[in-house]
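Notes for the one structure printed next.
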Amino acid sequence: MKTRIPLFLVLVFGIVGIIPYYSQHPIIQGSENFIRNDVIRIVAAFALILGLGSLLRVHFDKIRRSRPNWQYSYVLIIGFVVSSIIGLLGGRVGEGFLPTQIGGFEFHMQVLFENIIVPLGSTMFALLAFFMASAAYRAFRARSLDATLLLVTAFIIMIGLLPLGDRISPHLPSFVQWIMDIPNVASKRGIGFGIALGSLATSLKIILGIERSWLGGSK
Amino acid sequence: MKIFDYLATIDRRIIYFILAIVVILPLVFPRPQSVRVMTPAQKLFEAVDSIPEEKVLLIDFDYDPQTAPENEPMAIAIIRHAFEKRIKLAALSLYVQPLGLAVKALDQVREEFNAQATTYEDSIIYGRDYVLLGWQPPPIVPLLGLGISISGVYPTDYYGYRTDSLPVMQGIRNLNNVGILVSVSGGSAPLWWVAYSQVRYGVAVGAGLTAVSASEFFIYYQTGQFTGLMVGMKGAAEYEEMVAQLDVPGRRRASEALGSLTAAHLTIIAFIIIGNIGYFVRRRRK
Amino acid sequence: MNISTAFWVWVSALLSLCIFSFLYKDNPFYKFAEHLFVGVSNGYLVTLTWHGVLWPAALRPVLFEGRWWLIIALIVGALYLTRFIPRISWMVRIPIAISMGYSSGAAIPAVIQADIVRQVQGTILTPDNFSRWNAGSAGVIWTIILFIGVVCTLSYFYFSREHKGVLGVTSRIGIIFIMVGFGAAFGYTVMARISLLIGRLQFLLGDWLGIIQ
């Protein structure tokens, strides 16, 4: 029962996902619309809550067991609690009943998003530029003809894309466009066919119950 | 050749420092850069420009803070285009974090236009000229649901207004009433719009992509599944260039970055060449 | 220089510098900023999930609009939370099965049409494809090169036979196309990563320090 019911459901809902593409019958379209809008949507919201619960459990556990850097888990939990209160009670843009403005100073959720989440998230990825520069210096070696071809193509793209490329030769940007349109498309399409067939096979295996890793470990 | 031995073991922080200087200097001492508009961005601009009056431009904001420096200039350029040509605009997001960035971009451009407006008709008014539909998880809900009914997926907009009561949504029922859907994304969202919404409902799809995704998305542009593309910061600069020709004021962040991009690219090329020279010299010595 | 006096600009700038400090080495400022990011991001997620989905799409319709049948969806969704109760944790498979089944099913026609049929249509040697390049007779040559490139790339990934003879030649051509494709990807990736750094510096030097006008 613990395995059969989920496998039965995955088959039924898999068919529910496929059939409406091939049939425009109002009952089929209407049923699919209801399942998607009213069931799948609400179920997905709880999945987000599950993810959140798991995250908090990990960090409470870290504090309880005094694991390395456990003190920072307090930062995470306090940040989460304070921002949740401000967001849940103050609304997304301060429209809730909790006041999120003192004089001209605003601190509603959109302000926290723009001034805490955005700078932190974007700076974390900005670090990648430095790591890439270091990797380019230390690791990108033209050890073979193929690797040399890769690097030469990359150089052409990097120079040709920008105004400098246009100044070197007016044909360079067009050549870059040609590289993207022909050899690049050819290789990525070949790879893409493989990926598409693989994902198709995986979807079928999930629906038919051949692929069962999503059930988890226990029976 | 002791210099190559030294260069091979150089502290990585010196590399970081050189890169930082190379990027900062052109920002502090800018030089005007000409922007050559390439065909993918041109096609996207023309597709947005030719949206009929009774249809709406649908923008999918799907970039999060991590890719905002590339994607936000694209979104802002398209919004400026829509507001200038008075194209009805509806915005949504498939994930939660991009929603805050959608609010930021829409508010910024609305304020830019309203600072210049002299009458109510000239102004950009929420609900009359544009709407932020919001976010409904999981992504499959809007990807397939919008083809049947937009207000069915978003009965209320992001701010809580009933979607079908807003003037901008009058006559806009589903994807058949969308001129083009432009997905500004840091990930695979444009592919999903093509695979689900375009396959089932035939909606035209354009994309604003990060440069990382560019090479794999060109296969969809070549088949015409993407009507047009903006690729990376260069693509954003191209669209900004075309919008600027409509006399739309506003800061062009992507175009301002081209000098730094050029300097940084040349630096990375130099790093690779120096690294390889050192590698081959030391290999020959052994 | 025209340093900003806005409180939130300073908060953004200092948090950015905390993250940049990682370039020197891992340190408490970086760890603090990293954990703060995760905490506040999840607070934002909770806010939007409640205001955007749970209240308007689930609870309000059930409690105030008479759509009582949505209780079934609420119960199914709540089964996710059985993950935290070991005795009945197997029930988490039920909402997973529903979501995964539906999305796997919907993906099948989507992938077939968009990733296989349309891509084959874009590769084969037809007048439509010849004229797509707007390059006259050169369009025929480009389409043929594209076709050869796709076939040779596919032949490279055929590992059921040794790459000798004809297969050896086609797979060698295929690897050339693949290297060009990866080189293009690398070139664009460099632009992407540098762009992210430029964006941050535009904020720090412009909005915060006022050095960029």
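Order of writing sets the chain letters: A, B and C. Residues in each chain are counted from 1.
Quick note on the criterion: a contact is a pair of C-beta atoms (placed from the backbone, for glycine too) under 8 Å apart; a residue touches a chain by one contact, two chains touch by 3 or more.
Keep in mind that this is a model prediction, so the values were computed, not measured.
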Problem set entry | Contacts common to chain A and chain C (chain labels) | B
Problem set entry | Pair of chains with maximal C-beta contact number | A-C
Exercise. Among the chains, which is located farthest from chain A on the basis of C-alpha centroids?
Worked result: B
Problem set entry | chain A and chain C: spacing of chain centres that average the CA atoms, whole Å | 5
Problem set entry | Whole-Å gap between the CA centroids of chain A and chain B | 17
Seminar exercise, completed: Distance between the CA centroids of chain B and chain C (whole Å) is 14
Exercise. Can you list the chain B residues in contact with two or more other chains?
Worked result: 16, 19, 23, 66-69, 97, 100, 136-138, 140, 144, 158, 160, 199, 214-216, 219, 222, 234, 261, 264-265, 268
Problem set entry | chain C residues counted as touching two or more neighbouring chains | 23, 41, 44-45, 48-49, 53, 57, 99, 102-103, 106-107, 109-111, 115, 119, 122, 146, 181, 184-185, 188-191, 194, 196-197, 199-200
For this session: Provide the list of chain A residues touching at least two other chains, using ranges where the numbers run on.
Result: 21, 36, 40-41, 44-45, 47-48, 92, 113-114, 117-122, 124-126, 129-130, 132, 136, 151, 155, 158, 161, 180-181, 184-185, 188-189, 192
Problem set entry | chain A-touching residues of chain B, taken from the complex the two chains share | 10, 12, 15-16, 18-20, 23, 33-36, 38-39, 64-69, 97, 100-101, 103-104, 136-138, 140-141, 144-145, 148, 152-153, 158-160, 199-200, 214-216, 218-219, 222, 234, 258, 261-262, 264-269, 271-272, 274-276, 279
Seminar exercise, completed: Within the complex, chain B is touched by chain A residues 21, 29, 32-33, 36-37, 40-41, 44-45, 47-48, 92-93, 95, 110, 113-114, 117-122, 124-126, 129-130, 132-134, 136-142, 151, 155, 158-159, 161-164, 166, 173, 177, 180-181, 184-185, 188-189, 192
Problem set entry | Interface residues, chain C side, partner chain B - complex | 23-24, 41, 44-45, 48-49, 52-53, 56-57, 99, 102-103, 106-107, 109-111, 113-115, 118-119, 121-122, 132, 146, 181, 184-185, 188-192, 194-202, 205-206, 211-212
Exercise. Which of the residues in chain A end up touching chain C in this complex?
Worked result: 2-3, 5-7, 9-18, 21-22, 35-36, 38-50, 52-55, 57, 69, 72-73, 75-84, 86-88, 91-92, 105, 109, 111-130, 132, 136, 146-147, 149-158, 161, 178-197, 199-200, 202-204, 206-207, 214-216, 218
Exercise. Where on chain C is chain A touching in the complex?
Worked result: 7-9, 11-13, 15-16, 19-20, 22-23, 31-51, 53-54, 57-58, 70, 72-74, 76-81, 83-84, 89-90, 92-112, 115-116, 119, 122-123, 133, 142, 145-146, 148-154, 156-157, 174-191, 193-194, 196-197, 199-200, 203
